[in-house]
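So that you can tell them apart, the chains are marked A, B, C and D in the order they are listed, and the count of residues begins at 1 in each.
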Amino acid sequence: MASSKNSISAKSTLSKAPSAKPWGGRFTEPTNELVEAFTESISFDARLYKQDIQGSIAHSKMLAKIGVISDQEANSIETGLLDIRAQIDAGEFEWSTQLEDVHMNIEARLTDAIGEAGKKLHTGRSRNDQVATDIRLYMRQASDDVIALIKALQENLLASASNEVKTILAGFTHLQVAQPISLAHHLLAWNEMLERDVERLEDCRKRINVMPLGSAALAGTSFPLDRDMTCELLEFDRPSRNSLDSVSDRDFLIEFAAASSVIMMHLSRMCEEIILWASESYKFIDIGDAFCAGSSIMPQKKNPDIAEIVRGKSGRVIGNLQALLVIMKGQPLAYNRDNQEDKEPIFDTVDTVARSLQVFAAMIPSITFNRDIMYQSALKGYATATDLAEYLVRLDVPFRDAHEIVGGTVRYAIEQGKSLSDLSLTELQSFGTMIKQDVYDVLTLEGSVNSRSHFGGTAPARVSEALDAAKQRLSW
Amino acid sequence: MASSKNSISAKSTLSKAPSAKPWGGRFTEPTNELVEAFTESISFDARLYKQDIQGSIAHSKMLAKIGVISDQEANSIETGLLDIRAQIDAGEFEWSTQLEDVHMNIEARLTDAIGEAGKKLHTGRSRNDQVATDIRLYMRQASDDVIALIKALQENLLASASNEVKTILAGFTHLQVAQPISLAHHLLAWNEMLERDVERLEDCRKRINVMPLGSAALAGTSFPLDRDMTCELLEFDRPSRNSLDSVSDRDFLIEFAAASSVIMMHLSRMCEEIILWASESYKFIDIGDAFCAGSSIMPQKKNPDIAEIVRGKSGRVIGNLQALLVIMKGQPLAYNRDNQEDKEPIFDTVDTVARSLQVFAAMIPSITFNRDIMYQSALKGYATATDLAEYLVRLDVPFRDAHEIVGGTVRYAIEQGKSLSDLSLTELQSFGTMIKQDVYDVLTLEGSVNSRSHFGGTAPARVSEALDAAKQRLSW
Amino acid sequence: MASSKNSISAKSTLSKAPSAKPWGGRFTEPTNELVEAFTESISFDARLYKQDIQGSIAHSKMLAKIGVISDQEANSIETGLLDIRAQIDAGEFEWSTQLEDVHMNIEARLTDAIGEAGKKLHTGRSRNDQVATDIRLYMRQASDDVIALIKALQENLLASASNEVKTILAGFTHLQVAQPISLAHHLLAWNEMLERDVERLEDCRKRINVMPLGSAALAGTSFPLDRDMTCELLEFDRPSRNSLDSVSDRDFLIEFAAASSVIMMHLSRMCEEIILWASESYKFIDIGDAFCAGSSIMPQKKNPDIAEIVRGKSGRVIGNLQALLVIMKGQPLAYNRDNQEDKEPIFDTVDTVARSLQVFAAMIPSITFNRDIMYQSALKGYATATDLAEYLVRLDVPFRDAHEIVGGTVRYAIEQGKSLSDLSLTELQSFGTMIKQDVYDVLTLEGSVNSRSHFGGTAPARVSEALDAAKQRLSW
Amino acid sequence: MASSKNSISAKSTLSKAPSAKPWGGRFTEPTNELVEAFTESISFDARLYKQDIQGSIAHSKMLAKIGVISDQEANSIETGLLDIRAQIDAGEFEWSTQLEDVHMNIEARLTDAIGEAGKKLHTGRSRNDQVATDIRLYMRQASDDVIALIKALQENLLASASNEVKTILAGFTHLQVAQPISLAHHLLAWNEMLERDVERLEDCRKRINVMPLGSAALAGTSFPLDRDMTCELLEFDRPSRNSLDSVSDRDFLIEFAAASSVIMMHLSRMCEEIILWASESYKFIDIGDAFCAGSSIMPQKKNPDIAEIVRGKSGRVIGNLQALLVIMKGQPLAYNRDNQEDKEPIFDTVDTVARSLQVFAAMIPSITFNRDIMYQSALKGYATATDLAEYLVRLDVPFRDAHEIVGGTVRYAIEQGKSLSDLSLTELQSFGTMIKQDVYDVLTLEGSVNSRSHFGGTAPARVSEALDAAKQRLSW
């Protein structure tokens, strides 16, 4: 590893802190270097190079079409830019901090390479609309990538669920045993969360995919730009409607960060369950060795580190959302340099969400479900008490009265150290004379689970249908 | 005013703090009162009463249809509930903290009123799916209300913009004079923000409008619920697909809070501009007296208090979003009592956004634009320098060279204490011999603004079209 | 309950939303009422009445001393204000929204009651320094109250710990069994968190307890105020040093909110453990009935609702901290009306922290520790493997080699289905010939725990000392 | 520039995203690489190398003293570690991702270099207490560095203020002209904010400077560690009191992040004023060229980029605070891997605060104050109206009546287009017959400013004293 960056930053506590007497007002770095280091963005916006080149090529083709530059110049620009892209791809491009950002680095190199025509590229454009275009192209791709990663995770979840339709475990509320449920039903609950995440990203993508190019600094330009042409070349849905808004709008980053925060919140909730389920006291699951870390001392230990790190990473994504809102809050129109600070939080968000989804998805197939232990968990805690109450209601006892009767029955069973299905019919009838032999059908875990057969319920037959439907929606 | 609540809370620093020796471990309140006060939710969930009654009526009708209760019982329940609603509407209902929440308060009263049938209402239902249904009905209405309020604000903005298409002011970047723009164009930038806000709420509404009713505690119920019927009665788009997810999902609150945070961020940005524009140094606008506050000492002073308060209120909405994310992060399935804490942040969000939009919208028509001062602002700062550069480009000077030339010209003009249009043709030609008499057309504010006539630009003719299109979209 | 406020707010979805066609731009409320409702603060700042009166009395005494008002006038003001305080205490004061805030409500009433002298009270003062003084007096009391509540909780924790010094349970890392520890040691870890919380609040209090009174609107006043006198009367540590800063500084609110966020984070962590420990799978504890809630259906169920609500409430306090930072960020000097928005978040923070501490403290003595189950938990998971490694190190095996050896031993034990202490000496020696009979001393839970006897370790003798020291620090 | 890291990360939209069909569940990276990349921390914790080595040397000396290792081994360890430090300093150390973190990288290298003794270093220690020690050593230095940087900024502010004691400008409330103030007084308000920041960091440092070393994994160790010795060697104030708490406590990071958020909020407020003051409409100041950025088109333009970026950077620091709170919220004791996520937010916070302070401090001496324009600003807006009211009070008019009278006077002056001091004595007397010739003394800017001479006021004589006192406190 050992990137030069890391080596450097490791050298001192504060990479840029003066080594002595900073309070003397005499800084070890000359001012211009200090300012240069503070204002540069190339260290993080270099990752936009593909989008920047893509946008510039489209812009130059359009300039040629409207006669602002010649076709030859446009061709020369395109060839030059593609060549630069190849250099960057190959890791052979030298970025310069003095040239501040990705835009100036590329344009300067282009002019070096192709001469005069390079100086014409920026006609009718400003860095304000240029960077807005780049970041939208980038976020469009990021949205598509994250959506694909969510779907990969869903696919793995649905595959796991397929084997666990009839696996029964305790459903919890308040982390207390509540009612028996199908494990597949539980995993499908996770899938529902993820489906909403995809929807939210797709909605966000609509607002990302609007083209600011042509807005120039803030007011548009006096050249008769053909924005429909660039829009088509860059596959945007439409050109933006207002130049001032176009250079200052960062809503789509906040919306993406908010959608990402919800994704991470979802993963964090799933991780919480995985960590619980893998703990000594639950033992519901075993996580594949590859996704656990050992201890430096106890070889038997398999810590669910991936799940813990993903849970922890929810913090930074939520923090990034907050950062973006704070940055934008209170800025007057149009562009202010504060906006330079939007990139690192959003890039970190994209990376964190993508990597978390990827590793989480890979972990799912490695999980083994301990079906017996799960089944045992549902036998505890009088999980079928509700079933007894509903049985009574079907015999015409008003629900609130049935609830009272079951209360007494459970209290008696606890005193006797028995489960509900261990009670004899006589015992049960002492609480309600209407109770018949068929009560035992509803007191078993299977009876309980099977009876919840309406749409959305946990009955295996219903869960099986839900699973098929989920698979179908996923493959659309 | 003087609500009893306020009077009470004013009585001590900490309303519930023991008056003496809290460290003694002996609390002045008996434990059960302490716990009751801590866990009750009726003080804030009472506002869900309409939705709770609406949901219960639909549920009881469905129970009758599937034969779990009789038609007569369903009628009795409906009549009883409507009667309770009327009492609450009239402010004659006594809420009880001991009955904890809105659900139990209403059900208890119903049973008091109609007897046996009341005890049957909760059949096949749990408070978990009941509250989820209530809050979704509430948020659906809130979304529609907020959308309507945004549109009311848009209407006022477009009305103001209609009179200011040809009003020229300085467009700013970095709060420095950049280029002349049309005031209507500026106001239309605000309108763009608001249009996205409406879109986001409409997208959010799709995810709100899904019916959890029928999910019971977490696993569904053994009664053959007709969820399509309740769904239709309550005008939801579809019943939810997974009972576990249904009782634990609060994504829609977070999504609404995120959309609201963006709305407030937008209003905060507009307020920032209004405050600047109303300041002594700008004097671009006068705000109507009704929307300003005086000083306790200086009668000439008109502080833009409404704008300041709205700007300040962005903080609480953003804080509420963070609160909701923190509450949900790391909760295992299904329902946990943490979720009770979702209501106050979201109610406060709804109220804050609605009231801010309402008062902000009302303030807009009260604003007078000082057109002369705005025009003067655009004459400063060499706002047409870009136009000169673009003029040169049209004479075949590469853009980067044109930029250099204009740099020299402006430096010269500053030294001479002249504006660009004050320079003689000879002076101008000393920087570029290709410059002709027609250069003056582009150096005027009008020339500059008119030339930015492509789609999205600030030319009045184009702005006029944009305004018409905005009005049309609004009236859809 | 049924405060008029709640009844009112329940009447419509949006309390202030117009009932129809809000987009029509025609609001049902006349503008002045709309603005009045939006800008009033009396609904939440009324709770500052005691502080407001306290500050006004000190101010008037000082004005008399420097001869700006007469002694008689000062007496009349004091009597009048004390009378008003008595009325408010008794709930007989009618607050008026038209008089905006607590300051004007009280001053207006005073002038009604005592005439001319009332009009002189505000001499040399502005609402800007008045409200800053009020809120500092309030927060000083709130800090003291919260500190007292933390100490009450510590007292209860230490009392519980006193009985559990020799109780052994599994210590967890990654929620996996790690090493056996003393339960009192675990509870003392909680106590450490709380001690830091007290320290932070005490540090914060130093910065709260500085007197802004005398700063007037922003620049001070032309009257020769004796700020040392008011400072002494109000028991502030010192008068503030800069009038501009004094009216705009809200750091102390943010610092209090940050300290409160850490308190709630601590309580949330403790609650997480309590919820786990009370779950069916752990059963480490039973929480007193009074602090649990039942289910509407399962009478055996005791949900740890208090712990869940406290955990959930961490969200709102963290959200309030963020709200305050957003409100202050970017405000130019000196006072801006945004600051009105500081009160509700901080009042909510004070209330939430105080109530959470109070109910959490009350819950602690109700918890029963299931010592046998805890002990059993430590027997699982090869919790003494580290002890074996350390035993080897004492026999001169380098630590990393010892670690290797223990790795093999544990793997063997797992295969044999034995615990480490079940292995015969011969079996153990097959992994290391240096192992002797005395190895069994370190493989028992008691041996393991007792051996960790250095300062800060979990050996009961050491824990006992730590407990005594903690009690002593608490009683200082 | 072009660090290898940047080149790499620029290669694809999502650095780790699979290049094709991620939804296929087949990842291009083998699982172990995926997991390794996800869990490694060396890319960011390498910066702890000095602290890690410092801690290890102290630990080994102590192990020698208590006889667990020999003196020779301890010497060998020290020499080996110092050698490694020199390599890292020189940029010649190869970090390995497979060795996960800074601790294992260094220990592995040590054992390579010195053999057996290296394997003994980790005796009686765990990575849990090791990393906690490292990060506390790091944060102690970071606190000292940031304090020094704040003081450097204060020094520059006080130097600027020294020249501006008698410079008068408009003091603003609500961004409206309020009263004339001394510019030095305004700058001293900034200084007050910074002094509190120093205090908060000093308080935080007390809680940082506690030594966790010796807590091992969570329970301490069976070796008779001399924690007082390591404590002294590492210059900690005291060893921590509870091993469980020691490995899980991250309060000090949150407290540092909160203090940093307030620092950035302060800088953001100052930047807001600098941006306003540098704008065309205010022109109060000129910022040195080195701290401004030009436009790509308008050479006359000097955008206050440094101030804008600092203002924007407040967002990320506030976001980092939120991230840390979210990470910690709800973690059960003791160490969980979530905590690995604490490092990047806190390192970013340290870097951002340090760099922002440094560049902001450097900018201050470059600012030129346009005294005439500032003076003119105070002549507007009837800034001395309060002085007239206070004049009347001194003639025995009750304050509220004086306020009324001045209201009428100002209204009259506005109608006449005059300032207050332009009104003739006769005109003034028409509003109050008690007004005498000496009224003009209080209506001038100088008269107004000079009269506010009590402690904390803006009178130049008083400001001069305040400035001296501030300098003295700074040089302590």
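Keep this in mind: contacts are C-beta pairs under 8 Å (C-beta built on N, C-alpha and C of every residue); 3 or more make two chains touch, one makes a residue touch a chain.
Model, not experiment: these values are computed from the prediction.
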Interface residue identity across copies chain A, chain B - same or different by half: same
With contacts counted as defined, which of the two, A-D or A-C, has more C-beta pairs across the interface? A-D
Chain-centre distance (mean CA atoms) for chain A and chain B, in whole Å, is 24
Roughly how far is chain A from chain C, going centre to centre by Cα mean, in whole Å? 32
Can you list every residue of chain C that touches 2 or more other chains, as numbers and ranges? 122, 173-175, 178, 217, 276, 295-297, 303, 305, 308, 311, 314, 318, 321-322, 325-326, 329-330, 336-337, 386
For a test of understanding, state which residues of chain D touch chain C in their complex under the given definition. 68, 111, 116, 119-124, 128, 171-175, 178-181, 185-186, 188-189, 191-193, 196, 199-200, 203, 206-207, 214-215, 217-225, 227-228, 239-249, 251, 254-255, 258, 261-262, 265, 268-269, 272-273, 276, 311, 314, 318, 321-322, 325-326, 328-337, 386-387, 390-391, 393, 398-401, 442, 448-449, 451-459, 466, 469-470
Where on chain C does chain A make contact in their complex? 170, 173-178, 275-276, 278-282, 295-305, 308, 322, 325-326, 329-330, 377, 380-382, 385-386, 389, 403, 406-408, 410-411, 414
Over in the complex, which chain A residues touch chain D? Could you list them? 1-11, 13-18, 21-25, 27, 31-32, 34-35, 37-40, 42-44, 46-47, 49-50, 88-89, 91, 93-97, 122, 126-127, 138, 141-142, 145, 148-149, 151-152, 155-156, 159, 217, 290-291, 293, 295-297, 303, 305-306, 308-309, 311-316, 318-327, 336-341, 344-345, 350-351, 354-355, 358-359, 361-362, 365
